[in-house]
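There are structures below to look over.
Note that subunit A is present in both complexes that follow, paired respectively with subunit B and with subunit C.
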Partner chain A sequence: MSAVTATISEDKMGARTKPATPDEGARLGFRLTLPAQILVLFISAFPLLMQLYISVTDWSPLSGIGWWNAWEMWNSFANYTDLAADARFWSALQRTAIVMLVCVPAEFLLGLALATLFADDFPGKRIFYSILLMPMMVVPAVAGYMFFMLFQSGGPVNDILSRIVGTPVTIAWLSDPNLALIAVMIADIWQWTPLMFLILLAGLVGVPEDQMKAATLLGANAWQRFITIVLPKMKTIIIIALAIRVIENFKIFDTLYIMTGGGPGVATETISVYIYKVTTQDLIWGYVAAIALAILIVLSIVAVYAMKRMTKAREVPA
Partner chain B sequence: MKRSVPFEIFRYAAILAAMAVTLVPILWMVSMAFKPIGEWSATGADLTWWPKQPTLSNFRFVFGESDNDLIVALDHTALKPILSSLLSAVFGTAIAMSAGTAAAYGLSRFGSGQNLPLALIQLRLFPPMAVMIPVMIMWAFLNLNDTWLGLALIYGIVTLPFAFWLMKTFFDDMPREIEEAALVEGCSRLRVFTRITLPMMRAPLASAALFVFILNWSDYLIALLLTTREWVTIPVYMASLSSSMTGQLYGAKAALGLIAAVPPVIIGIAIQRHLVRGLTFGALKQ
Partner chain C sequence: MSQLIRMSRRRLLASGGKAAVFVAATGIAPQFIRPGRAFAADALAPGMIGGPTGFDGAERYQYGPDTPEGRAVEAAKALKAAGKAPAKIVLGLSDGSIGQLTKPFPAGAPSIKDLWEKETGIQIEIVGLPNGQEFTKTMQDISTKGGAYDIYSTEWNRLGDLAETGGIAKLDDFVAKHKPEWDDPKQGYVNGAKGVSLLNQYRGSTYGVSLDGDFQTWVYRTDLFGDAAEQKAFKDKYGYDLAPPKTWKQHSDVAAFFQRPDKGLFGSTDLRNQGWGYTNWYQRYVSTASPNQFLFGDDGKPLINSEQGIAASKEYVESLAHHSPDAISWGWPEQYGNFAKGGAAMTCAFSNLPKFLDNAGNKDSAVTGKIGSMLPPGREIDGKLISRSVLWFSLTGMVSSQSKNPEAAYLLLQWLGSARIYAWMSANPGGYLDPFRLSDFSDPLVRQTYHAYHMDVVRETVARTVPTINYPGATAFHNALDENLVASLTKAKTPEQAMADTEREWKKIARRIGEDKLLEAIKTNKEAWPTVLDPIS
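Here is the complex of A and B:
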């Protein structure tokens, strides 16, 4: 591999770095990347093999044998066939999809609306901007606790509703199976709309002013300018923003788990929560390894596609 | 561009509405943190938005001093969880930043490790929950379970992608002329990196480190899995904060939540210019 990297760097550096020998640079470059390479290998190659191995056994940390002896509990592909028939797994996956399909578009639209309001200068812009970004910097577990308090039946949300309606409202948000998922989604939207706002605003200020002026002179109204100039210019940024939120939203755990613990029953159990419960409560790690690997394989396919888009986006000057 | 008066009115109205939604949860936690135990009420009838008798007793309780007989003191104080959060986040940041900065320079200047960027993004794509079983087994084998060092190591790996990408965009943007001048003077490449490039990059390095620190400080899931008692971090400790006599210790939890929330919010506002680059893996330059 070092031979390959050496050629690449020689080509790249070319005439620019006459004084030092090209070899010295290539060697240093390789050494500099080494710690990161080792860390990545440490957390990917060996653990993946271990996971693959355990996933074809019934091994559990309670079984009394080391994981390397897990072959004694060999069960071939039973874990994978069990997974296909595991209703709780599929409903957790479905719930994860619902959360994603509600939260990501909501965050996108709200973020875009806010970004549009902040596209030009106005008094107070900086301070409003800083305040509106605050939620994304709050530790997610703490945000979970905030919303846990807000949605108590005697909490502020019901208090606000009571004042609006005029009669006392006592909705048990977090213990009603239907409402708990809504409460969780509201918390996610609260926390991550600012990220969409931040990314989309960065894209929006990059739209060339002169094109907008030209369009205005030609008689285009705000909506037409938005559709014909702003949206096409922001295409890559929008794809990146959506991709980031889809990926992160799929992993949803901290906020949700603190708010509801996946309950009531399994009403807010998403994929991460489900795996967490099987890992820490049922302790059947062979099965967990199988679930995890199945997810990793599916995600890898999505990832390869997404990364192709990302690298392409990087090459196009934004 | 000139905007009309109705638009300005609409703009401020919309922003004020967004601010209200943004601030209510935060203000509620602040108010809870200063409420005496009698005002925690979860029953609704006597909900108070602001503490009628503001008190610091929640904060005192968090640090092991209880002046309220109703609160049965737990056998732990939050001091060690705070220390655990700090140690693991700081050392995790050190690991991610040193490996990430070196690799970013290597790739940015010499094109070494071409496969690294994608491997690092991939690392970020997977739900941590789906890769934790092998980590838990390995950490048990290495005796790293329930230690701040074990947390620091995994934090360093998990946030490495952010450190790498952020530093790489900074190095890509840095003009090479100064480095080249030093090379002509006869400096070795390593010396150029340590004596010229790194000192010049102090401000970007600080931003990237603070950014990575926020990410490490924010973790809940990994600490939940890898720590059990000795070195639990603030969020894990906070979640366990309840006693049989009082049930949920709302005020104490809010006080601890406030302590956990303040550093990242301040840091985040200070480095907001770099947030976009960091969070989009440099895919977006601002």
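Here is the complex of A and C:
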């Protein structure tokens, strides 16, 4: 009898019983999932190792040699030292950080405010709910072109501003290096606030009603209830929402690329746009691999940090 | 036997005679009933082995056995008969150009795709590529060894980059075997063998077959330029007659004169955005010396960080004053849209602008019947006018190294890119592939679609056109120039800084590619630069 079957017994009714000890159960679980684990390991480890390998070479598809022979163009860690000195990379990273620091908090606050409004019933809630979620459903490339048109100097945005201020406004949003990024951020906030709203609303409706009622009876006002009950209860979900948007914002591309192509000049060139250009235009893929690996490390740090915060949040009794 | 089907010999003969008369009447008589209609409208002209039928003048596009088209079709048929031809050839093609292969033109004609399939028995599967993404998709297929296409079609000046990847097949043997006659003096490429070398070859070998002619051409509004009040006002202000500008100075005056943004009119809308705008800088830069101001010296050193480069850049930045405030974000869709609604006095665009906008079928165009063509503005140097345009984008067909039937793929390209089929295809208003062969400019159908007034100017523009960079690193070289020019347009850099930075980046790119590899390509590229000098009138 094999070790696997030895740990499983059947009762008189033929139903399976639990393995004899937790250790045996763990071993069984490990063995059963081993093929899947090997597959997952291969899927995730292979590209990573390949990326690491390419990143220490000068390999480019223009070289005419296959990537597996990239060792012929070994350059030690020159790509990484180049990266450290690449002003354009750092300014793209800085720009990405600006987008993240503006968009994520804005989407969070707007999403939370809207979720709070939608936590209670009101007439027409379902209709407003659908309308509110619509931006998220729009294909980012379409949203990009929509905002490209909106922000033309003779477009609707300037038209609305003209009506508000009473004089013609002809701001060339997308041609101005200082304003183009603002236009891009407005588009991002428009499109992704609904996602934040949806996640936060899910968290909000999960707050125990009895605790809220008890706090009300004890004389807590709305703000106090929000700070002492709602926020702690939603901590995990807030961290998830923020982590998703931080990671997604780090990769901001479609809408931005359609609106500005990273320009004017490099005024809206975020890290994704920079990588895209270096990949498809300069074709220096050894360097691209080094950039991508550096970014993977940064994003992994964010993810680990978020996971830690989430674990901590779960450990603290509400 | 039933009485119904019983027939006497006399009746049989009488019925047979009637049938013969009927067949003769319907089969032969139309030539006499409609004497103006060509024989080829219904069948191939005598001696022809293939080509379209079904429309007046179809015989112009038919071919005999000893023609590039005839040889391509016969060779494809032979491959098929020997079981060596594929069931289908997969062709990656810009979305905007597919119509020229799939839509019948003119009325009564077959489509290009149907004709090839009928004549050879080999299907064409066209995979649409998003406009502007052709190179990216091609590189994806090459680098991932995807093998999704037999034929790539991408910008002409990527040939060097793609040849270096090993992803496109060398076509020398096929060219020698099937004789495409691209350098035919009457209907071949402009500049003959030099033109072929520029468009189809890299480092002395053929890697592509040109399928497009994106010679940037200037157009203007005839209603504005012909208006007596405008002419008087212009002369009063500038002291000379209002006319299509011949020099950049005149261009600046005319653009400033018509710059009326409050009335929805801009002086000149030649592009200034990233990715497209630098071609208009090219025109200003290359005309700063006689016969040309080159981008690189014979020793491979960049020449742009010079008095000429800085002057052209300053002029380029100053000209922004006569554009839309959104000029830096406008691509050709916005440019065409604006021109269609009468929003510009002049612009520089692909040669197909009049095909789409001076078109009675285009109800959205407010400029139908109001477009004129002009040669590019230039500069007076040593008593001559140096007027230069630029070749940019222009699709070229390339056979994938992964194709299992490279010869069949090449034969399709030879057939498509040959004089008769190409003229017929480029006349088709269903897409973006534009005329470029000598024979195209005089072809009646092409002249009808593109307008006779325009074709004559395009032909002269071609003779004054410089090629963009077409050697390895082309994209990186252009990108560096482009970004620095946009930086100067947005005042993030001065023209001096922009040129100095471009030079530095170009040197870096050249080092990476290998300077020795570039020298030969630079030399070949230079050989195709124009030498036409115009008199100053």
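Here is the rule we use: the second predicted complex is superposed on the first by the 259 of 318 C-alpha atoms of A that agree within 3 Å, B and C clash if a C-alpha of one lies under 4 Å from a C-alpha of the other, contacts with A are read in each partner's own complex, and residues count from 1 in each chain.
Note that a residue touches a chain if its C-beta (ideal position, glycine included) is under 8 Å from a C-beta of that chain, and two chains touch if they have at least 3 such contacts.
From a predicted model like this one, the values you see are computed outputs, not experimental measurements.
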{"item": "First, second, both or neither for A:P105, with subunit B first and subunit C second", "value": "neither"}
{"item": "Contact breadth on subunit A, by residue count: subunit C or subunit B", "value": "B"}
{"item": "First (subunit B), second (subunit C), both or neither touched by A:T170", "value": "both"}
{"item": "Which of subunit B and subunit C A:P208 touches, first, second, both or neither", "value": "neither"}
{"item": "First (subunit B), second (subunit C), both or neither touched by A:Q152", "value": "both"}
{"item": "Partner chain(s) touched by A:D282 [first = subunit B, second = subunit C, both, neither]", "value": "second"}
{"item": "Touched partner set for A:L62, first subunit B, second subunit C, both or neither", "value": "second"}
{"item": "Subunit B versus subunit C as contact partner of A:D254, first or second or both or neither", "value": "first"}
{"item": "Contact residues of subunit A, present in both the subunit B and the subunit C interface", "value": "152-154, 170, 280, 285"}
{"item": "Residue ranges of subunit A in contact with subunit B within the complex", "value": "5, 8-9, 12-13, 16-17, 19-20, 24-26, 28-33, 35-37, 39-40, 42-44, 46-48, 50-51, 54, 67, 113-114, 117, 120, 122, 128-143, 145-147, 149-150, 152-156, 158-159, 168, 170, 190, 194-195, 198-199, 202-203, 209, 212-213, 216, 237, 240-241, 244, 247, 250-251, 253-254, 257-258, 271-272, 275-276, 279-280, 285, 288-289, 291-293, 295-296, 299-300, 303, 306-307, 310, 313-314, 318"}
{"item": "Interfacial residue positions of subunit A with respect to subunit C in the complex", "value": "58, 61-64, 148, 152-154, 170, 172, 174-177, 260-267, 277, 280-285"}
{"item": "Residues of subunit C defined as touching subunit A within the complex", "value": "135-136, 139, 142-143, 161, 164-167, 261, 273-275, 324-329, 472-473, 475-476, 479, 483, 486-487, 489-490, 492-493, 509, 512-513"}
{"item": "Residues of subunit B that touch subunit A when the two form their complex", "value": "1, 3, 8, 11, 14-15, 18-19, 21-26, 28-29, 32, 41-45, 47, 49, 95, 98-100, 102-103, 105-107, 109-114, 116, 118-135, 137-138, 154, 156-157, 160, 164, 176, 180, 183-184, 186, 188-190, 193, 214, 217-218, 220-221, 224-225, 234-235, 238-239, 250, 253-254, 257, 260-261, 264-265, 267-269, 272, 275-276, 279-286"}
